[in-house]
Amino acid sequence: MAELDGVLRELAAEMAERTDRGAVASYIPQLGTIDAGKFGIAVALADGQVLSAGDADEAFSIQSVSKVFTLTLALGKIGDALWKRVGREPSGNPFNSIVQLEMEHGIPRNPFINAGAIVVSDVLLAGHQPREAIGEILRFIQFLADDDSVFIDREVAASERATGFRNMALANYMRSFGNLHHEAELALGVYFHHCAIAMTCRQLAQAARFLAFDGRNPLTGHSVVSTQRARRINALMLTCGHYDGSGDFAFRVGIPGKSGVGGGIIGIVPGVASLAVWSPGLNENGNSKLGSIALEKLARTMNWSVFAS
Amino acid sequence: MAELDGVLRELAAEMAERTDRGAVASYIPQLGTIDAGKFGIAVALADGQVLSAGDADEAFSIQSVSKVFTLTLALGKIGDALWKRVGREPSGNPFNSIVQLEMEHGIPRNPFINAGAIVVSDVLLAGHQPREAIGEILRFIQFLADDDSVFIDREVAASERATGFRNMALANYMRSFGNLHHEAELALGVYFHHCAIAMTCRQLAQAARFLAFDGRNPLTGHSVVSTQRARRINALMLTCGHYDGSGDFAFRVGIPGKSGVGGGIIGIVPGVASLAVWSPGLNENGNSKLGSIALEKLARTMNWSVFAS
Amino acid sequence: MAELDGVLRELAAEMAERTDRGAVASYIPQLGTIDAGKFGIAVALADGQVLSAGDADEAFSIQSVSKVFTLTLALGKIGDALWKRVGREPSGNPFNSIVQLEMEHGIPRNPFINAGAIVVSDVLLAGHQPREAIGEILRFIQFLADDDSVFIDREVAASERATGFRNMALANYMRSFGNLHHEAELALGVYFHHCAIAMTCRQLAQAARFLAFDGRNPLTGHSVVSTQRARRINALMLTCGHYDGSGDFAFRVGIPGKSGVGGGIIGIVPGVASLAVWSPGLNENGNSKLGSIALEKLARTMNWSVFAS
Amino acid sequence: MAELDGVLRELAAEMAERTDRGAVASYIPQLGTIDAGKFGIAVALADGQVLSAGDADEAFSIQSVSKVFTLTLALGKIGDALWKRVGREPSGNPFNSIVQLEMEHGIPRNPFINAGAIVVSDVLLAGHQPREAIGEILRFIQFLADDDSVFIDREVAASERATGFRNMALANYMRSFGNLHHEAELALGVYFHHCAIAMTCRQLAQAARFLAFDGRNPLTGHSVVSTQRARRINALMLTCGHYDGSGDFAFRVGIPGKSGVGGGIIGIVPGVASLAVWSPGLNENGNSKLGSIALEKLARTMNWSVFAS
């Protein structure tokens, strides 16, 4: 893997020089103060190695990347019953959020848009206090990353809560259709906290590795989810993982991925590796600008694509 | 491949017995009279073999499956300039057609919804009479299928033209935004004729084979499109190939595919095979009901998935 | 007015016999238990008389009829500055509520749809505690009705609050656009309480009388609002007073009116009279079914129409 | 009427000096070349007098003002059966046209938006050749205006036809729902021709006079339509006559009116007068900018409002 190591290093160097870095999310102060110049990348391989370059050991707010892990947990908890409350189709609409909820009677299009992830949080709340549900999510991610230092940035969580009027609107709207079983405040409490989890690229790549190996830890053979479930989560990432830029990401990069407004993206190369990249500036669809570009270049260089023969 | 042969035979037998076959499209009389009991399946392999079962040698109206081939031709003609006139995102909206055109100022979401395919037809018209453009499309598909007997069902084309008011509305609407360069009548003439092409499962599987092998004929090595383009067409099929059921198809079947209201579906297993299935009854999203189920079963049995490790 | 007296009596008798009474609103238990057989009507004239028939002295939940009075108060408080935060156009859309808020960036179409009335409540909160704002509204309506027995049904208010998830969604959604200046909870507290005001037809007809006489009490000459403002409130009632049935009410009845889901409607015959009718069953647009029919018949019999020569 | 004469003269003088005249419609060359400095106004009174000022004797393209007359004719032809094919509600949506048709399954919201007027044209076609239907409309307007010099500007009609892709889309879309009984080409032929009728303010005021006097010619007592129908057409003008500025016009001016993109507006003061104003520059809702302002000023000066006591 000397080759991949060099590729990552060159990529990080190239990205460090680019000036078209997009705009850092600023809807809460804690995100807006991040240095737009950061760039990190990490690749977790079957043999346990994690190669990295750039700022790959600096923790950042994973935001919506966390939705892959909460979805995994919720499927473990209630299985396919989840799909009665959340769809599996791309939102496919710049005017998506509330409009589509109205059209589709309170059923979010997929678990990766905000409304869908709030339903997932609501599922994780069943039988728990919010504090317990949040603890369960954090411990699951620490377990996947094999690193107990993964933490929740409580300042970010508090700030999202104080300004999250649109998410409050979504939650109440779904509740008006009976598709939220707990108080909006409680479900959002879980949601805001898991979005505020802070991780490094290295930790994220490691945590997502089970998705690249049919649901198992390739070293120990330990199964996190079934083969079928792992593939299906990958399918959801490919079709829905980048908001209204999902089609473009599949077209350009050709692998399943999930982005967050903190500038992180995870990517899955089935049978080969799991990836994490971080660059805080966002493109017009709210996905990491340089992160997307770096993954496109990396995939092309390494000939990684789920569509390759 | 004795094993696959048996799998296909069993699958065809199982499907023949099912009574929940969906409803045959009836918007034009020529489609409505098709026997809902039909079921055919064919698999084209790298070594040139085409295995099949059921009614795999009976020609049917390929309808929107043809959009994969016209897209391929249009990309060959104007390359990435196409993407200024058509998007690459799932439509993701049961109320898609005209609503989204209004929201997005006459730019269709992707080349596989009707509006997008009409723009593709408009591209193929440039410098040609409709008759010539139609002839070019037919010859391209005959070449891919390696079979000159592929034909256009002119009765179906005439019938679609006579009743295609909504497509006429879409075409005129795009023309009002300047995104149709020829008269609506002319672009629709091309569109209705390529949708009316009739093919067998065997011919379709063969014609789609280049997409499973990075754009090349695996026997001759002859290149139809570049590796990158083949993968990208596969990506578009995975995210947009089944209308508002695209996410579900990716979730259940896990391979790129494209359906038509005639009941046909093509599927791509990169590096392994191209598939075609046909059963005229449709599910609630307008995709072949038994065709989708058969592909899901076949993919599971053969462990075919672009998301597999 | 012997004649009008007889007309009202006959109308009440005719309505008492009808069996097609629509469905009583049931979204909160307190409304659902009302006897669908009730019918009352009252007409307040220039000379101070209030003629009535049927259950005109029974108090009912005025619900959205209250929005006419809160709009009047808010205009008194901040004048035309209100129109920067609320539009003056019919919502004109069965899918109105949240969809339109998204399209129009948090500005409700008019002050009579829920979102608009919540903004009006927010205006009335400025410088006040919710309790004070609610008190001010109640005292204003008591003053207009010249009757201190008008009261707020606190059980209805509490019940609306406990189940008003969609209104909570609307309020939070507007707050995400900066068009709500107080906490959603507080503005909704005011909103739910003024919707829970209980009045009789007699009280309502009396309270609305100033709108029929260019803003003045026709007996004392005392001015409630300016002539221009009274006419403009009438214009808003005519174009927006019956949700997505506003055009139909103008077409059939021909006078400004405002309905509530409690089954009440007020109507204005400029220069002649103000009316109130009550029948709890609603038509498909959420307006009192028999109330609308009774007003249409009354207007035709009395030749009342703002469009008459 | 010396007073009104002076008011009109002053108004015309004031409007002549204003420089904020809006933008002249330019979607067809014939409209774009009109001098934005034009302003005319005319008032038809009960006694047969027509007072006027400014460019009141210059013919202009009446465009959508013609829809009041075609609606009147269609109601005469099929009566209330029309309301099965067209609604009576304000469109209330800046994104109205095709979006609403999709939501409401091909039934236009009202007869004054383009889609609704195309259905009205379709009604007038029944049993006729387009040429005959167009002739019938022209003769009806000549009769109402008592002036045979009213004519159709065929160059305008031809030009609208050549560029009217969006109207072609609307017509085909309605035909896909079965709500257009003739070929789109034919219905649009009628539509484009009646929109291309050219009239002076004086002719227009005269032609609309029956609506101010309960459907009758106030001099002869001759009835054009029933009292009820006249009032109902007025109600439709008040709620739907100015596209998405209808509420604002009712709020500011307080009388029924109908505008056209040629810059003309007719207004009705029941029992008193019918008005026509013309100034080619349009405001952001597509209604004559100075025409709207002039009518607001005139109504205020003369104390004309359907909401006055």
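When the chains are written out, they are named A, B, C and D in that same order, and each has its own residue count from 1.
Rule of thumb we're sticking to: a contact is a pair of C-beta atoms (placed from the backbone, for glycine too) under 8 Å apart; a residue touches a chain by one contact, two chains touch by 3 or more.
Just so it is clear, the structure is predicted and the values come from calculations on it, not from any experiment.
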(message) For chain B and chain D, which third chains touch each of them?
(response) none
(request) Farthest from chain D by Cα centre, which chain is it? Let me know. (result) A
(request) Could you put a whole-Å number on the gap between the CA centroids of chain C and chain D? (result) 32
(request) For chain B and chain C, let me know how many angstrom lie between their CA-based centres, rounded off. (result) 55
(message) Taking the mean of the CA coordinates per chain, how far is chain A from chain C in Å?
(response) 48
(request) Enumerate the residues of chain A that touch no fewer than two other chains. (result) 95, 103
(request) Considering only which chains touch which, label the overall pattern as line, ring, star, complete or other. (result) ring
(message) With touch defined as at the top, which chains are paired up in contact here?
(response) A-B, A-C, B-D, C-D
(request) Would you pull the chain D residues touching chain B in the complex into a rising list? (result) 95, 97-99, 101-103, 165-166, 168-173, 175-176, 184
(message) Quick check on the complex: what are the chain A residues that touch chain B?
(response) 87-96, 100, 103-104, 109-110, 212-214, 227-228, 230-232, 234-236, 238-240, 244-248, 250-251, 254, 256, 268, 270-271, 300, 305-309
